[in-house]
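Both complexes below contain chain A, partnered by chain B and then by chain C.
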Partner chain A sequence: MSTMRGSSLAYLIRRLAMFALTIWLGLTLMFLIPRMAPGDPIAAMVARISSQAGRVENSEQMIQAWRTRFGLDAPLYQQYGRYLWNSLHFDLGYSMAYFPMKVEDLVRAGMPWTLALLSIATVLSFLVGSTLGALMGWPASPRALRLVLPAALCFTSIPPFMLGILLIYVFAFGLRWFPFAGAYAHEFPPGRNLDFVFSAVHHGILPATAIVVTTMGFWALGMRAMMVTTSGEDYMILAQAKGLRPRRLFWMYGVRNAILPQVTSLALSIGGIAGGSVLVEYIFTYPGMGYLLYQGIVNNDYALIQGMTSILIIGVATAVLIVDLAYPLLDPRIRRGDL
Partner chain B sequence: MKPVGIAIKRFVFIGLLLSVAGCSLHAPKSDYDRRETVVFDLETRVLAPNMWNPYVPGARLEHGFHQCMIEPLFILNTETGIIEPWLGLSMTSNETLDVWTLALRPEVKWNDGVPFTADDVVFTINLLLKNAPSLLFSGPMKQWVARAEKVDALTVLFHLTKPNPRFKLDYWSVKIANSVTILPEHIWKDKDPLTFKNYEPGKGWPVFTGPYKLDRFSETSFSYRRDDGWWGAKAGWKPLPAPKMLEWVWQGTEEMRTAAMVDGSVDSLCDITLGAYQALEHFRGDVMAWTDGPPYVWLDPCPRALEFNCGHPPWDDKEMRWAMNYCINRDVIVAVAYEGTSMPSKHFFPAYPPLERFTRILEQNGAYDRFPVWEYNPDKAREILESKGYTRNRYGYFEKDGKELSVTVTTHEAAIELQRVAQVVVEQLQTAGINASHRSEAGGTWMDNGSLGNFDARVGWMACGSVSEPWSSMDTFNASWMMPDGKRAQYNIWRWKNEAYSALVSDMGRMPLGDPRIDDLYWRAMEIWLDELPGIPLTQARKLLPFAQDHWKNWPSKENPYSHPCTWWQSTCKMIHEIKPVAPDPGKAP
Partner chain C sequence: MNTPLDNPVLRVEDLEVRYGNLAVPAVNRVNFEVRRGEILGLVGESGCGKSTAAMSILRLLHPPGRVTHGRVLLDGIDLLAMGTREHRALCWKTISLVPQGAMNALNPVLRVENQIADAIAAHEDTRSKGPLTPRINELLALVGLPSRVRRLYPHELSGGMRQRVCIAMAVALRPPLVIADEPTSALDVVVQRVVAQSLLDIKNRLGNSMLLIGHDMGLMAQLADRVAIMYAGRLVEIAPVADVFRAPRHPYTRQLIESTPTIGQRRPLAVNEGGPPGLGTRTAGCPFAPRCPHAMPRCANEPPAMAQCGEDWQAACHWSAQP
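Coming up: the complex of A and B.
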């Protein structure tokens, strides 16, 4: 018993150390990569200012002034130290392209929309896709059901933005059931009222459908393969021989064992949704995070890129940590180090 | 399965269906009457929508902010070349062009009722000078304005650091896109202009002089409500604009924007392709553009050109640049890249009436006979290349000393129009035996590479600046802006150095606008430019801007050119006063 407790503690410490290392490495890479890319963010910013400000003849002075303001004239190690320190304090700093907006304000504006849309769409896609995959990989399923797989894969091969255009054409432009674009009707600004909630759901149905329909095939494929493997296991034959009902056999013995890798993928997907879905957001003019990250990259906005990728890194690392900590509960071999 | 389980599942399923149906049936009803609301297209999403400070780097102006809330002092009419007064009545200089006197229109008020006076102008200039060069326009103000002095409540003197004949035109007249914004001193006097957002709905902020007040906004749409107490109507200067509401809405891709106009939910669109316009015409008959028939387009002030780094061999040789020019067929570029919706460009000037006079000077003096910029003549190109020692290799490309003649043409990643032009140019150069390729670069990188001289050739908007007079564009080739590769150049990123040209252009720059001596200097300078051809003018830049006429009429057009039609410029404030509602059809229910 004490050995078990000891191995659990060691496992926990190892996972936590890996979590910290992942975040540090991720943050460091995100500090270096934008700086290695060609293009100067301040020059880009000043060029944009100059293009809006008539004839500008002293842009070099502007560049120097802004470089100093953003601390980019300091040696790289100082910039790195300040960046790590600020990251530890969740201070994401000022955006260079959207100064004087703070990165956290920009993120705060887009995050709820992205989280709501993508987390619901991802979970729905996971549930529908995995269930379909499980049924397709289950020998006792009706044959007609197996025809679902090619159809699901057919949608998977369509990029979400293409399906988005199709959905808009049919359901918004043609049937007029849903709005063309946006996250809510302008008349019902965000607030705790039913009008806004209805409006937000109404606007979210088409983009969510585009994501669910185009991604569920991946879940179905993975699940079907695992179900085929699982259904040939000895314990399944034993359970069948003991006369368990097919429904119990399917859910408790088949799906429960086959779902483990799917859960890992789900955790990673959920951890990564903070990055948004640029093209779906663009097609549906949805005010999420994908467009924000894209603008950060296009404008070489170090602070915005670093801020958003920090959230992504922490999100994915946390999701992996949770999965790592949850797995031993599902499969004791992992805790013991058998695997 | 137990009956209870089945019941629960059915309940959940029906509940989900009802929720979706409920949301669909509960289709949000707009509280705007489309007969009183004009909806404009917004090209991109506004990531900082609560930023109403027009001077910070994160400021966006084209979402209605500078069209209906901020009013300019003057507006340049690109069709006539006349600078029309708005908040300003006149702005004149002394003989030495270093003191400018601004007379303000009387009875102008901020939308909180406080009078707009010379104090506000002086305050704004001082604020820009104090915070230079960090704020928009603060760099130029620091460069040009020694001090601003209030003479009386409606008169301001600008004492310049040195003579500038274009001070009014360049900074106060909405020459391209916008102009210096005057700020209300009573709101801004204790604020840090670098961090002040100028948004506090409880206090009625933002405060400006325009006939509309901010109503509500999100990252994708902005609404403004007409201020029926607007100073202009009270003073009898102009009646209130007809639309009670104005909206700017981001519609997403061109397909979505076009669909929105077909649907009747937007009255004006930003630039679209010919195919999209034809779809609009197909679906609704009442759509109009700048011209009734092809090419439909209004010309943007920045023509497109193939630009060289004239410091990089072999493009430092003018004959090599001319050889490139002979390889280019502009008619094909217009036909393929623009689907016929542009026109070849002989000059780096936009083909605006005030500048056409200067192109005619070249034609009348036979410049284009001696320097046939428009001539597509691959044989002549081959002759030049062979005279330079180039021969065709086994792949069909020209080479010299074992080195293939190649060039990479770069473009801005967001400029689809330029990419299409570059692709046709590359194809034509390939056909002529030059191993050309095209590379699209991220916007910031492309601009950075340009100013640092890190390119051989690019398709860009060379020499953008002139709208009604020739000097602004011509000065961008001045050798005084020359920087070596690796050092950031403000202008003349093409690294073309010609002292004679520069001297002539510098002389032009010191003369008052419209001075008759300018014509001769211009002609002599352009002779040098055409002979050297530091860049190749390709096409005029075009904007195909459709307007729907089911709710609103009297949009600007070539036949009715009271304003230019680009709805993202500050000059839209004039358009807003001119458009009128379409009389409702008595046979139709409202």
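Coming up: the complex of A and C.
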């Protein structure tokens, strides 16, 4: 085994190079795409200002000045070089739409909300969905559980924002159990006190439910298929012959093997959390990353879009890297040497 | 006084297994017994029902397969009539299984020691894992594996080692009967010998009985004390292995023996072309008649019954029963 140490180091290096390449490619695409989209962010900004002020003198000159200020008059390759350099230093620059706010500050304000909402929702969805799926795919489960399958399929096909609208209508507008929008009540500003925590949870329940219910089916279906495969495996038959308790069969022989492909998907989802859930956050006016990204796109705010997407790219790439490196802990078959 | 003949470990009585609504049972009223300390070979070609019979004895038959008739008596207790929970408490302690060599019968994410410990812990009260380690080492030594194998995962073992781990696991609770379902299939010839030898050593050391399922008459000659030949779900001959090789009574048994290749002479394949009838079509007479070189008019209409044709020798054939 120790002879394989060299190959595992080579693997690590290869994997890190892949990580860097992914990030570079992602950053480059995110530089090019908004610049190819129609619309000029500076013109839009000046137009917004002039519509507020009624009339602006020398708007041509003003646009030119802003362009210089944001470096948009430089040739594309110079912009690109500066962009990569700044990205490497996590200097995301100024937002155009929210000038003079820095992108970094906007992200800093939105990130905690998104992280809290989406990581709880994603983990909950994964746990509930996978457990349901495992039970659905288990031959010894009660037959009634099979009815869950069409329900799961049904919920998976509803887009989360549609369910969000429905939830708002029923539970916020109709029953008035939950607030319509926002992340916390304004009388309880963020701080270390129970009132705020309670208020934040109260605001988070509807958007979280919208995400959990609509994404649960995805986990359930994947897990169900894997569980069906696993329960037909030879080791399962031998384990049955051994007379193991059903609980042990289910968890250590069934779920333990069926969960492996699910974990990769989970890592991708976790990495994607940094980007927020654009539509759900928009529907619930939730001040997270998704809402911010939406604002960036609407306002053609290059800096904001680039900043947010680079965070997203780094998030996903890091999550995949971690899973690839940690996966051998879950699946002994791909353990490389003594890594 | 109990002679081995009076007191078999396992007695299968009139076992009938059907798959779904198919016309013909996959196992058709089969009777045999496994005597104390013997290895009984259950032989036949693919699809003859030998594995289905074994799975029924272990109660591992999966739907649409189901036992429609018969009893499986282990020391006089009917295993098929037991409650699920009761049977689970009893199973590995009384009958264990060595799976097919081709199978990935070990859980890929558990170490060998955990899989053996699982079998022990399911049936004995083991609070801590400590005292199990020497026992597992001992079991591995029994099949000629070093104790470091204990800490390995299945994918780190060769096919033969994996199969020997399965054998060690099968005797972990010292069951009176081990069912080995084609234990050497899909292993290369050298490894086949090692695995076969392990099975024989274990049996001689522990004195358990064994039901050895397979299609390889050569392996049977090497290991079994008696053989039971199955064809199309029925038992066609059962006798001590030496007798069967010397003078098989059923034409099918003869063909099975003659189709075992030997180095000395090269000869054309002894088995007639064709295959056993499918489970969808009912046959009136002897199911082997269409392939049988000795078929008589009677064979097409009247199914032969098992009949005594020597001391400790039964066969189901009109032709060989003629005076």
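Observations, loosely collected:
Basically, the second predicted complex is superposed on the first by the 330 of 339 C-alpha atoms of A that agree within 3 Å, B and C clash if a C-alpha of one lies under 4 Å from a C-alpha of the other, contacts with A are read in each partner's own complex, and residues count from 1 in each chain.
What we mean here is this: a contact is a pair of C-beta atoms (placed from the backbone, for glycine too) under 8 Å apart; a residue touches a chain by one contact, two chains touch by 3 or more.
These numbers were taken from a predicted model, which means no experiment stands behind them.
Overlaying the two complexes via chain A leaves chain B and chain C side by side, clear of any clash.
In the superposition on chain A, contact of A:G39 is made with chain B only, not with chain C. When both complexes are overlaid on chain A, the residue A:Q295 reaches chain B alone and has no touch with chain C.
Once the two complexes are laid over each other on the shared chain, residue contacts for A:G174 go to neither chain B nor chain C.
Set against each other, chain B and chain C differ in how many residues of chain A they touch, and the higher count belongs to B. Of the two partner chains, neither chain B nor chain C is touched by A:P142.
Of the two partner chains, neither chain B nor chain C is touched by A:P150. Taking the C-alpha centre of chain A as the apex, the lines running to the C-alpha centres of chain B and chain C meet at 150 degrees, rounded to a multiple of 10. Between chain B and chain C, the shortest distance over C-alpha atoms in the superposed arrangement works out to 13 Å. Residues common to the contacts of chain A with chain B and with chain C across the two structures: none. Residues 58, 60, 62, 88-93, 96-97, 99-100, 103-110, 118-119, 122-123, 153, 155, 166, 169 of chain C touch chain A in their complex. Looking at the complex, you find that chain A touches chain C at residues 139, 233-235, 237-245, 248, 252-253, 256-257, 330-333. Residue ranges of chain B in contact with chain A, taken from their complex: 1, 19-20, 22-24, 26-32, 45, 47-48, 51, 53, 56-58, 61, 133-134, 136-137, 139-140, 142-143, 166, 170-171, 175-180, 194-195, 197, 216, 218-221, 223, 247, 249-253, 255-256, 259-260, 262-263, 265, 413-414, 441-445, 447-449, 451, 465, 472, 488, 490-491. Residues 37-41, 43-45, 47-50, 52-63, 65-66, 69, 95-101, 106, 109-110, 165, 168-169, 172-173, 177-189, 195, 198-199, 201-202, 205, 247, 282-285, 287, 291-292, 295, 297-300 of chain A are the ones that touch chain B when the two sit in their complex.
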